[in-house]
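Chain IDs A, B, C and D follow the sequence of writing; residue 1 opens each chain.
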Amino acid sequence: MNYQAVLEDISKAVRPLAGQGKLADYIPALANVNPDKYAVCLNSIDGHMYSVGDAGERFSLQSISKVFSLAMCLSIKGEGLWKRVGKEPSGTAFNSLVQLEAEHGLPRNPFINAGAIVLADVLLTSLADPEENFLSFVRELCGSGTVGYNLDVARSERENGYLNAAIANLLKYHKKIECDVEEVLAFYFKMCSLEMNCKELARAFLAFANHNEKFCYSGISLTSSQVKRINAVMQTCGFYDEAGEFSYLVGLPGKSGVGGGIAAIYPRRYSVAVWSPRLNSKGNSVMGMKTLELLTTETMESIF
Amino acid sequence: MNYQAVLEDISKAVRPLAGQGKLADYIPALANVNPDKYAVCLNSIDGHMYSVGDAGERFSLQSISKVFSLAMCLSIKGEGLWKRVGKEPSGTAFNSLVQLEAEHGLPRNPFINAGAIVLADVLLTSLADPEENFLSFVRELCGSGTVGYNLDVARSERENGYLNAAIANLLKYHKKIECDVEEVLAFYFKMCSLEMNCKELARAFLAFANHNEKFCYSGISLTSSQVKRINAVMQTCGFYDEAGEFSYLVGLPGKSGVGGGIAAIYPRRYSVAVWSPRLNSKGNSVMGMKTLELLTTETMESIF
Amino acid sequence: MNYQAVLEDISKAVRPLAGQGKLADYIPALANVNPDKYAVCLNSIDGHMYSVGDAGERFSLQSISKVFSLAMCLSIKGEGLWKRVGKEPSGTAFNSLVQLEAEHGLPRNPFINAGAIVLADVLLTSLADPEENFLSFVRELCGSGTVGYNLDVARSERENGYLNAAIANLLKYHKKIECDVEEVLAFYFKMCSLEMNCKELARAFLAFANHNEKFCYSGISLTSSQVKRINAVMQTCGFYDEAGEFSYLVGLPGKSGVGGGIAAIYPRRYSVAVWSPRLNSKGNSVMGMKTLELLTTETMESIF
Amino acid sequence: MNYQAVLEDISKAVRPLAGQGKLADYIPALANVNPDKYAVCLNSIDGHMYSVGDAGERFSLQSISKVFSLAMCLSIKGEGLWKRVGKEPSGTAFNSLVQLEAEHGLPRNPFINAGAIVLADVLLTSLADPEENFLSFVRELCGSGTVGYNLDVARSERENGYLNAAIANLLKYHKKIECDVEEVLAFYFKMCSLEMNCKELARAFLAFANHNEKFCYSGISLTSSQVKRINAVMQTCGFYDEAGEFSYLVGLPGKSGVGGGIAAIYPRRYSVAVWSPRLNSKGNSVMGMKTLELLTTETMESIF
């Protein structure tokens, strides 16, 4: 399939949406991004790369990074991981405390904030040098040794992260995290501050699309079945309380972040990363969602 | 693939689970089913049928019938249907009133009871002869003119259906259903009382797996895109509050019912129906879930 | 104390509020009441009666009638009544289904709708002729043989009472009511449709203020301790989710209804009834609340 | 009335309950208290004091101290205080996050933890030397210059106070507290760590019972109406989710703490303090509750 032409068509088709949505504005580092940026990059498993727009410009991955920490945790803990976190869609906003309290502190899935904070705790208690180990893993996954944390973003998140601090304290109260609350929050925000460009992000997600090749990066290895299961979790839980909508319109497993990025995969075909900073009311990129909807519609390809 | 051998292997492998789980017992008609029944039937899109066990014995479809009413409603109303019902996973039990009240009576998705009651109202207000039209549609879909309602089950459900009556009254209070409460409940319970055997059920779902062939049965037609979208809704919402678990373990869109049946599809490959009446605590068939997990594991085939 | 002068002063002082608030409009019979009616009547335990305004005009008691059914149930069942219904303030709106479901169908207190529906069920299963027995009791309590149900109001409530029907069905599902759902609802709405004027209502409540005299009316008798306990329940639960506000501003046990009436008592001193049909957003009479606030403020008398 | 004889009778009558209930055990300082302690002290407004048991031994006031901080805040802010905190009973446990999130961070009343944390913030932003000022106020109120904080208890509470830290962070997220989260928590826990004996506690509460005398202590003054309103808040909100039960059984405004103390008042008659460390499942002293129930039953005196 001539994906380059498809992506170029789509990039024109989504232009009318250019002014819709709002930047994440809860920290200055995100609020100051150029809202008009747009990039998309698709990597096919047969080795081709197609891209349009600012695909070489890095942005804040935010919640997309949770896919990487889930991969590490599943590699380390195996199925035992699911004693620490559920895998059901939450049916509520990503940051809900209500559900967490109702379920005695067991996070509904690894992609809501509570779940990802538990993942941070798992990594902190399992790895020799968590910050370095996480970085090595994602660098090898995306094929770039210069990918890194944005310390300004991480610091700024922590200073304004009262809701996440509430969540982490509630988890600690229910004995769902072992480490010190501040230490877990610091690592959680650091992972969220990871920056990649669309080319790097698409390459990083290619490993989840390509079951033929062994998943093994920087000592983190997953079986083919484990990779599929991560994809399944992305499918049901990857888009906050818009998981059903994304599944319905796009039909691919994926994960979004409030930095405006979305990464998705078509198993055994391709991975795709898109970036556009303006978000809809659910916290998902307006043009990013539309780009992926058009991609599966025009190519007539989806997992369904 | 030699699916017959696969199904036979699986039917042996699941035997150790034979005594686990409990029959739905809220109405006599379901409580009196032989709990040891087991059947599985797979229809490939290239026209072969494979089956093991009591695949010719009919059972109560219950919530599986909601897929058929969704197909009819989507054909009739198009995308406008989603003003009447959401398409997000509910994150709570299938019969929760809490979420319904919190969201002012708009059901979270068409497969929770509240959503399916709204579908019943849509059909009642749109069709000339709803009971007959629904029956004609499902008979053509499954290729059997003898498939029908079980009036004893329908009556018994209504007599004991206080929770569904509460839901329907709450929907009426929020002006989410147009018809009379009793009329909607009667039709809802009638659709749930539909009976098929695994061969008929697999055949009925083949239409959702096979995008190449036009979906048109008894005047109800869907585009290829609409069929995919129904599959997407099954994927995220088809298993009550175990949708994530099913997606994780099985990796196929599907729908279960408290009669012990599950129907699932592998798009562009096959449909599969399984029946075993003992249910886990979430209301899904214990051996049915395991059968489908083994099917995708052994064949190494899943949408992820 | 010269209560007549106090009431006259207050009736002038509250006039600026005359246009505030809205009539209950969910049934025609309530929506058609003259919104500008105002009446107040105070009965002291030493036998004097003081009144201002339309104190001889009857209005729909609605939830105020729940005090009478509580008195009957407590007389019949004694402390065992509290196995059927709680006595804690609800902290939510009077008609909430959320709390009821969360607490498996046990109503929080006898004055929210769910609780009063359970009271109706208790009376139906305990009395020889519930409708007549209830009427005899309230007639003797208020000293008027012409007080009665308004059958139009009762019928109209039932026809529009989808939320109460949802509540009653949920109670039945949780096995908290014994009788048929329709029968319970019919009796519940009939009790709510009771009509009195302020003179009758103040007289009826005098029995709750006057511990010196034995409480015994039409065969329903309560000990002094039981009367006090009914007063305590009024204090904490009598004003929906404004119980704290009423306690804070007025400082008397009382009960309001959406017909615009409020009855309150000062133990060992007086009972007072006020009527003004315009309601605030919580369903309590605007001028009624203010009248009672001024009464305890001006007389410097409250239970605190 | 011969209250001394009444208290002595009651102290015997409650003995059979001696082993019931459990000590608060979430911090060592509370878990190590002698569980068999029992004391009661009653101060009549005509100047007599009656006591039984260990009435000279100090214990941790915990939530009872919230009455003192409410008095200070109401004196400082007047009715404007209620923009910062509600005055409705919560209907849920004292430490619920669910209600707080549902109501966007506005605490339901000043006696649940969230509300008392807001009071701490109000005092921190209003007073020159909050810790000293609070101490001066309570010392003058109880007539003892040696009453003070228990710094071990305060420190221990903070170290284990994950749930309160979650609450404070959620309040900060909703912009309901102005000061630094840690600072507010430290002051909150310090106030809770206040220690008094029953004689001091009864004396401190006498000021709330005695409307004839001006309420003015260490510069904190309240009108008679304000004192009554604090009593009203105690009545509806003073016993967590057992406020209705206490009102029903005892019929006096009061406040309990997990240290096993309860203080209550009979307006214009007396104040009473009781201490027994074993708590029921709602966090209220078993023998304390019974003592007060018997007190109002035997004397036939209650506000109702």
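In this section, contacts are C-beta pairs under 8 Å (C-beta built on N, C-alpha and C of every residue); 3 or more make two chains touch, one makes a residue touch a chain.
Here the structure is a predicted model, which is why all the values come from computation and not from measurement.
S.K.: Can you give the shortest number of steps from chain A to chain C, where adjacent chains in the path must touch?
M.R.: The least step count works out to 2.
S.K.: Matching residue numbers in more than half of the contact pairs is the bar here; say which of A-B, A-D or C-D clears it relative to B-C.
M.R.: It is A-D that repeats the B-C interface.
S.K.: Mind checking chain C against chain D and telling me if their interface is mostly the same residue numbers on each side, over half, or mostly different?
M.R.: Since more than half of the residue numbers are used by both chains, the interface counts as same.
S.K.: For the interfaces A-D and A-B, which has the higher count of C-beta pairs in contact?
M.R.: It is A-B, judged by the count of C-beta pairs in contact.
S.K.: Based on mean C-alpha positions, I'd like to know which chain lies farthest from chain B.
M.R.: D
S.K.: As a quick test, compute the distance in whole Å between the mean CA positions of chain A and chain D.
M.R.: 47
S.K.: Whole-Å distance, chain A centre to chain B centre, using C-alpha means?
M.R.: The computed centroid separation for chain A versus chain B comes out at 32 Å.
S.K.: When you check chain B against every other chain, which residues touch at least two of them?
M.R.: In chain B, nothing touches at least two other chains.
S.K.: State which pairs of chains touch, listing all of them.
M.R.: Touch list across chains, by label: A-B, A-D, B-C, C-D.
S.K.: Provide the residue numbers of chain D that touch chain A in the complex, in ascending order.
M.R.: Going through chain D, the ones touching chain A are 96-98, 101-102, 162-163, 165-167, 169-170, 172-173, 181.
S.K.: What residues on chain D touch chain C, complex-wise?
M.R.: 86-92, 99, 108-109, 224-225, 228-229, 231-233, 235-237, 241-245, 247-248, 251, 253, 267, 297, 300, 302-304
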